[in-house]
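To keep things simple, chains are lettered A, B and C as they appear, and every chain counts its residues starting from 1.
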Amino acid sequence: MANKIIFNVIQVIVVMAFAPLIKGILNRLKENVQSKRGPSIFQPYRDIWKLFHKDEVVSENCSWIFRLTPFVVFITPIFVTLLIPVLTGYPLFFAFMGDMLGGGFILALGGFFATLAAIDTGNPYGPMGASRTRMVGFLAEPVFMIVFFTVSFIAGSTIPYIVQKHWVTPLANFFEPSHILMLLAFLMLIIAESGRIPVDNPSGHFELAMIDESKGLEYSGRGAALMKWGGAMKFFVLCCIFLNVLVAPWGLAHGTEYWEVLLAVPLILIKIIIFVLVLVAIESSLAKLRLFRITEFLGAAFATSVAAMITGLFLM
Amino acid sequence: MELLCILIISALAAALSLIPMGKRFAPVVTLLGTMAVFLLSLRTALATVTGGEVVAVKDWLSCDSFSALILLLVSFVGLAAAIFSWGYIDATVEATEDRKIRRYYSRFNLFLFSMLAVAIFSHLAMVWIAVELTTLLSVFLVSFESTPEALEAAWKYVMLTCMGAALALFGILLLYWGMSLAATQAAFTWTGLIAASPKMSPAILYTAFLFILIGFGTKVGLVPMHTWLPDAHSQAPSPICALLSGIETTTVLYCIMRLLPMFQGSAASYAGRWFIIFGLISAGVAAFLLIQAKDYKRLFAFSTVEHMGIILVAAGLGGYAALFGAMLQIVSHAVTKSLCFFSAGVTLLATGTRDIAAIRGLIRISPLAAIFLMVGGLGIAGAPPLAVFLSEFSILKAGIMNGQYLVIGLLALFLVVAFFGIMYQINRMVFGSPEIILMDERTLLFGRSIIPKRNILPLTCIIALIITIIPVILFGIYLPEQLYQLFHHAAASLGRM
Amino acid sequence: MSEPDLLLSFLTKLNALTGGVFLLSAFGLVAIRQMLTCLRLYVFQSLLLAISASIIGYHYASIHLFAVAALTIATKVIIIPWLLRHTVGYESYAKREISQVINIPASLLIALGITILSYCIASPLLTAAGAGIFERVNLPVGMASLILGAFAVTVRREAVPQVLGILAMENGAFFAGVSIAHTLPFIAELAAAFDVLIIALVMGLLALKIRKTLGKTAVGELIALKEE
């Protein structure tokens, strides 16, 4: 029992510690593919360290929301980490506190506060980016819902630990058409939610074209550090949900020994790095979509997810 | 044996027409080919008059009385169209474009080949392929004149009919599935399906029936899938229009009607109801669309849709009398429609325009064209004592005796509307003082008005017109005994006596 | 689980996967803007058809279906794209279709409705026939692809995607056919494949003629003959 609480804590520490590393690896690989040298993979750590030691400048016109948001954005992925399988294949202490729908809502809470904070300052670029983020968000909601419903219907539960068993117990289940289509839909969803090409350019600095980056525009010092870190953790958490629940639920610890759990840490990192490679390949080969073509992109994701639902339900 | 010869001769004629041996070679080859095919099909029809079957390859190529009737019809209209083409193509295509002329004749023969194949093949998959070929081999005939409107018509034609053919393919595959599940040893032919249908699961049978009805119905021109028909059947050259309207739609309708005997007993009303619904809607919509036709070939094309609807209603009414009427209507429609399109062709040669409003007093511009157009119009509208009147009357009578008053009432209404529509337009064209009001395209400005001199129509066109007008007048009064027997057996083969 | 059961379950899942991706490619034909991608999607769809035919052929131990798969690859994967590229002309493929009759998200929603409809039509058939596992996948997916192809023809304005829509309809009918009519005589399959070739040839040549006469292949804009 105490073990499970400790494993939960280890999970949270792993997520907090390694999220900036994954961000760093992603950025460096992107640059390498373009034949550039790229920043060091530990650069995000240095950025966060530097930002924590700087002064914070806050506009006079903003309210408590502006000051609260960095903490919300930092804490919500941590809450979600408590609910999903990161290192272990069996449910931990907090696992039944919320299911996948709950996890999705908690992540959306962070995004909600970030949007409000962007409008709070009175900077013209903030609300512009915020409205675009909301557009992408509300178009992505149906996809989220349908994917979760399909997964829960097929696997018989909404708790991620139970769902992930379904895809591996008979190995042939992995090739079920609903599974593969759901993977495609969820991949398109991750691209939209974490603001990667083709939905949004994460390395662009042109405020008129920003979608996801606009939430961090106004922050400085400690607030900026927390927003950056929280953003990296959200990406890590989404990857964990995708990989551990849907794609490759292998390499998770099944016993309750400490060394098994610690062994699972490099395994999850390897899985995420492989996924990062796929993401880099996608990002380097496509161009950013024009704003109103994003509806088509998410419409295609929706069609894919409903096709997954149909093939899953009718082929039962 | 004759069946194989028929197919080989028409394919051979197509190949030979491409040989550049002087101006007269291609038309003569086509003429000889179609005449040989006609004689052979006459022989086949006579062989089936007693109710027997002509078999060339068991389960693949065979002809019973219904298919022999269609075969005879196809070859007759083909012969008349070949004769007509000789003069028509001579008059409309420049003498220097002999490659174009040769290509026309070879495509003509290929088109005829595909339609003969529909009647001759008895394995359903091959029938589907033949139906698909009738579209593909006639596309370039429709777009023969290469004007933008002709190309648009050809594109719509090919798209919509291929869509319908794919739907029908699915229906045929469903039928095959149903038959293999019923585990009879029957072959996948028309007769085999009739034998196996009582054991087939009704869900599969009904779904397959609907797919085939809608799919092939697109090719027949049933509303609401008819939108390609007025365009394609008016933009093609006139002898091709006769082939398209007179026999291509008829052969596909033959395929649909062959589905009828698979529904025995209580299921019979299901198929009959669908036929009646589609038939009435087609006849009604076509009758009302006739009235606003601005182009006389389009007028005749709408009339084709209407007649296909009438035949389908007759098949749906069921019973021997109605089916006999349907057979009679098939034959009378084919010959009368060819007469109409041939006379439309000579009218086009005499006046140079397809517009109804532009032509006045045709009887003085070209008396021959006017007379044939008048007889054709009267014939297709259903005036006595011509052939179509007799067939429509027998259908109406059969319906009343069956007690289906609503259907017959609606049908009679549509027939009357179509009669007035056609006769009004044709009267406007034929009578009055002779002039041709040429309107500028798209701007409807009244341009010059000319008084044309009398034209000399090509001799072969007139011969073809005479050949087609004889059955139109004859079958209204007298039916030869063998033909009667052929109808009798054909109606009986659609069964539910 | 015994050996043949494991293999059978694996084959069924693989076939179901082919069916699911086949359905997705039919959606793509409705919604994708670039014409070259549509052509590649059609090639991919025909490849899936060949794979499904091979799986079912392996299961029923029928050489006939393998021959069908080989025929499909030869005609639809190799010859037809070559035909379409060379008859219509390469320039028309470098284009994107900017406007469609209905906008793309709405047409995707209608496509989903069509898929649900085809599943609803297919289920009473499947229960009435007591169908095996392969028919359960192939029949609804084939029917959906059939109707989606027809929808693609009505929604598109350019000539080439319309042709691909018709070819996708045939693909869908054959996808259903390999499971429900797999004992059809080979001569019928051969003739049908030849027929599909002629379809592609005819449509390609007609599109070429249209482009030469009218200067573009936007057939959706030809409305001279509409009834007023």
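Here, a residue touches a chain if its C-beta (ideal position, glycine included) is under 8 Å from a C-beta of that chain, and two chains touch if they have at least 3 such contacts.
What you are looking at is a predicted structure, and each value in this text was computed from that prediction instead of being measured.
**Q** List every chain that touches both chain A and chain C.
**A** none
**Q** Based on CA centres, what chain would you say lies at the far end from chain A?
**A** B
**Q** Counting only C-beta pairs in contact, which pair of chains has the most of them?
**A** Greatest count of contact pairs is found between chains B-C.
**Q** Taking each chain's centre as the mean position of its Cα atoms, how many Å separate chain A from chain C?
**A** Roughly 36 Å, centre to centre.
**Q** Calculate how many whole Å lie between the centre of chain B and the centre of chain C, each centre taken as the average of the chain's C-alpha atoms.
**A** Measuring from centre to centre gives 31 Å for this pair.
**Q** If you average the CA atoms of chain A and of chain B, how many Å lie between those two points?
**A** The separation of the two C-alpha centroids amounts to 65 Å.
**Q** Can you pull out the residues of chain A that are in contact with at least two other chains?
**A** none
**Q** Which residues belonging to chain C are in contact with no fewer than two other chains?
**A** Residues: none.
**Q** For chain A, which residues are in contact with chain C within the complex?
**A** Going through chain A, the ones touching chain C are 170, 172-173, 175-178, 180-181, 184, 295-296, 299-300, 302-304, 306-308, 310-311, 314-315.
**Q** With touch defined as at the start, can you tell me which chain C residues reach chain B in the complex?
**A** It is residues 121, 124-125, 128-129, 142-143, 146, 149-150, 153, 159, 162, 166, 169-170, 172-173, 176-177, 180-181, 183-185, 188, 191-192, 195, 198-199, 202-203, 205-206, 209-210, 213-214, 219, 222-225, 227 of chain C that touch chain B.
**Q** Touching residues of chain C toward chain A in the complex: what are they?
**A** 6, 9-10, 12-14, 16-17, 19-21, 23-24, 27, 31, 104-105, 108-109, 111-112, 115-116, 119, 123, 136-137, 140
**Q** Taking the touch rule as given, give the residues of chain B at its contact with chain C in the complex, in rising order.
**A** It comes out as residues 123, 125-126, 128-129, 132-133, 136, 139-140, 143, 146, 148-149, 151-156, 158-159, 162-163, 166-167, 169-170, 173-174, 176-178, 180-181, 188, 201-204, 207, 230-231, 235, 289, 292.
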